[in-house]
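Reviewing the structure listed below.
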Amino acid sequence: VPASSADPGGGRSPESPETRSERRFDLSRATAFSDGVFTIAATLLVLSIDVPQLSTADAGKLAQELGGQMDQYISYAISFAVIGLLWFRHHRFFHELAEVDAPMLALNLGYLAFVALVPFPTELIGEYSEQPIAVALYAATIAAISVFAVAMWWHAGEAHLFRSAAIEAESRRNALRVMVTPVVMLASIPVAYLDTSVARYMWLLLLLARPMGLPRASQAGT
Amino acid sequence: VPASSADPGGGRSPESPETRSERRFDLSRATAFSDGVFTIAATLLVLSIDVPQLSTADAGKLAQELGGQMDQYISYAISFAVIGLLWFRHHRFFHELAEVDAPMLALNLGYLAFVALVPFPTELIGEYSEQPIAVALYAATIAAISVFAVAMWWHAGEAHLFRSAAIEAESRRNALRVMVTPVVMLASIPVAYLDTSVARYMWLLLLLARPMGLPRASQAGT
Amino acid sequence: VPASSADPGGGRSPESPETRSERRFDLSRATAFSDGVFTIAATLLVLSIDVPQLSTADAGKLAQELGGQMDQYISYAISFAVIGLLWFRHHRFFHELAEVDAPMLALNLGYLAFVALVPFPTELIGEYSEQPIAVALYAATIAAISVFAVAMWWHAGEAHLFRSAAIEAESRRNALRVMVTPVVMLASIPVAYLDTSVARYMWLLLLLARPMGLPRASQAGT
Amino acid sequence: VPASSADPGGGRSPESPETRSERRFDLSRATAFSDGVFTIAATLLVLSIDVPQLSTADAGKLAQELGGQMDQYISYAISFAVIGLLWFRHHRFFHELAEVDAPMLALNLGYLAFVALVPFPTELIGEYSEQPIAVALYAATIAAISVFAVAMWWHAGEAHLFRSAAIEAESRRNALRVMVTPVVMLASIPVAYLDTSVARYMWLLLLLARPMGLPRASQAGT
């Protein structure tokens, strides 16, 4: 139902129905694979929080140890929110597609490889929040995800993969809009070498500026 | 089918059909994401049980070591039951919704962030069952989940997100009913600093008082 | 479609349609939750295989170290096969149900708690294959799963939860048939204290005796 | 819908409709189980990347430590791509099936057991990229997956499990085509004992030679 009544076909190259059917099958499979990666990556984040290993004699220091892990809780919360938001944007984007082609599948696989990587920089920043390299790697991971998102918006427009002409007309503008994320994240990397906290506040502004409920269909980023 | 014939629209603000369709799409995606988080969190609990690391010479002490981990098995069992019950209540709640809005998505993401966190206090309490801070953090995690559940019930009523007027009429009462869980959990925190075992018995009473089969549609908590 | 045209209703207590609808909703949710637990438990098994931690100077001993972990590979293979088989039987059982009630949901949750536990005895037996307690815990876990399966078959018959009267008529016989598994597993526990290898061969016989393709609908165990 | 209008039945043995229905149910369950294993295995790969454990005094060496783990990032990327590609091929293969029988279920379970194993050789090769045994085990794992894929193609043809006669006619040729993967992987094992880097370059050629978008329905390997 989602894609069948749409697809007026303006500007799309003529193809055999079998191929179109294959591409739609690929779309539904890519969606399911993406869903799984997002959900599992979000749930694996909890493994980035350490359970202190104390001897029986030192067990009384547990509260103190847990209190010293504040950065781990913060990075857990940020990464959970980031993955949740990315998932919604990714879903809205895929919801607008009528089909996928091979380059789109490859772009999506690259996108997901960095989504699935998020627990690694999350753990890194939770343990070494003062180290610029940890902050830089976190920023680079989110930037890489967003660069793939930009490429997916752009390619979907160029290759006429959208369900509706209205979305296609806006695809380049949306690609540019998503571009804000990698620009801010990459800009935060040199800042992290001056002050890691300031770099992290830059990210929060980004999250606040693009809340979950904001994008309407035609504005949805990935 | 589930939501299409319901939704008489009384008291709901007029909207374009596209927006409603978007919101229902968001509902189905939020349900799928929630399902994944619950299931994976439940299955990750097993990682909170230690496999004793013994040298070949000490391997004969394995039974003794495993016997000393009784608290880990108990906390595994409790957390598995808790996640299973929460999942059913969450599903029943979402089953009553016709659509979700941005605040509901944000509340649900906060709710899930604490569900996905459950393996952490589970491991903590399994290793340090005598430490009040471990018991307190477990209680606080469940309380946080329940506070989000209360907020979701309340907001769904206020924002007219339910499928039927009958459920909407009961939503505040249900929100108050769910409120029992955070009250008991938070009350157990000072108790934990007197006696950790008594605090844990308080939770069991809560589980017994709200078994899985009890809630009918209109009484279902999250 | 699966359950709608069946359910002739012979011998079932009269109920309001809403309640039936709820119970069928619960069935589909319980199926999805079960699917997730099986799949994730199977995939987490890989974490039970150790990556040897060697210094750079000792890296040349890697092949030797990996060769010494043969029991870990065997226990991985057995547990993967066991979880795969259990999953198929569980699915065939649920496929025969028209609805679930609260006791069935509770039994299924108990069943799944032990399925999700499987990676723990798997890791234990992979590291301590010579220790009777490791073999005994593995056997006890599988036995516990099977006891829940027996109870589910029995209860589904007593509570008229099956789709067809033909299945219901055979439910007690099937419960007894499933009973073979816990009997063999429990019998292997004392054997493990004499010889751990013999105990494990007993399990293999069980696997061979109840292959995946054997059960027809009416013979499907969980 | 997918399989119902196909299946002209030429050359297939006559069976009762119930059995066919069971086999199609098994197909959909096997597909769901396979999906889960692929997605979870891909997402667990991130656990193969180490977070360096440094004392507070040594935290400044973090960048240096992370830079020394380049092999872990490369093996993560390769394995993520491999699992993504295998998943697509597996899906295309299952998409062509009308039903599954017991041997196919058993072959698929063996196939998945090695897919779920991939995080283990990935971690191994990430930590010990210079050791021939690590490279050999990685190659052997991919070879084992491919051998099962060959067997599945072959068996599906022999047992008339395909939806269309056109696919069935090509099944042996496809089985031989998939055979290229295990041949190359197994050939890389002795090469690894001469030079581990050369062995890994051999795999990359394989990936390049069989990109994601290449296979049409009739050429899809698993």
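Some observations on this one:
So that you can tell them apart, the chains are marked A, B, C and D in the order they are listed, and the count of residues begins at 1 in each.
Quick note on the criterion: a residue touches a chain if its C-beta (ideal position, glycine included) is under 8 Å from a C-beta of that chain, and two chains touch if they have at least 3 such contacts.
Predicted model only: the values in this text are computed from it and were never measured.
Least step count on the touch graph, subunit A to subunit C: 2. On superposing C-alpha atoms, the copy subunit B sits rotated by 90° relative to subunit C, to the nearest 5. Between the CA-based centres of subunit A and subunit B the separation comes to 25 Å, rounded to the whole angstrom.
Contact of a single residue of subunit D with at least two other chains is seen at positions 36, 40, 44, 47. Chains that are in contact with each other form these pairs: A-B, A-D, B-C, C-D. Across the interface of their complex, subunit A is touched by residues 35-36, 38-40, 42-47, 49, 51, 54, 59-60, 62-63, 66, 76-77, 80-81, 84, 87-88, 91, 95, 211-214, 216-217 of subunit D. Against subunit B, the residues of subunit C that register as touching in their complex are 18-19, 22, 25-26, 29, 32-33, 36-37, 40-41, 44, 47, 101-103, 105-106, 109, 112-113, 116-120, 123-124, 127-128, 130-134, 137.
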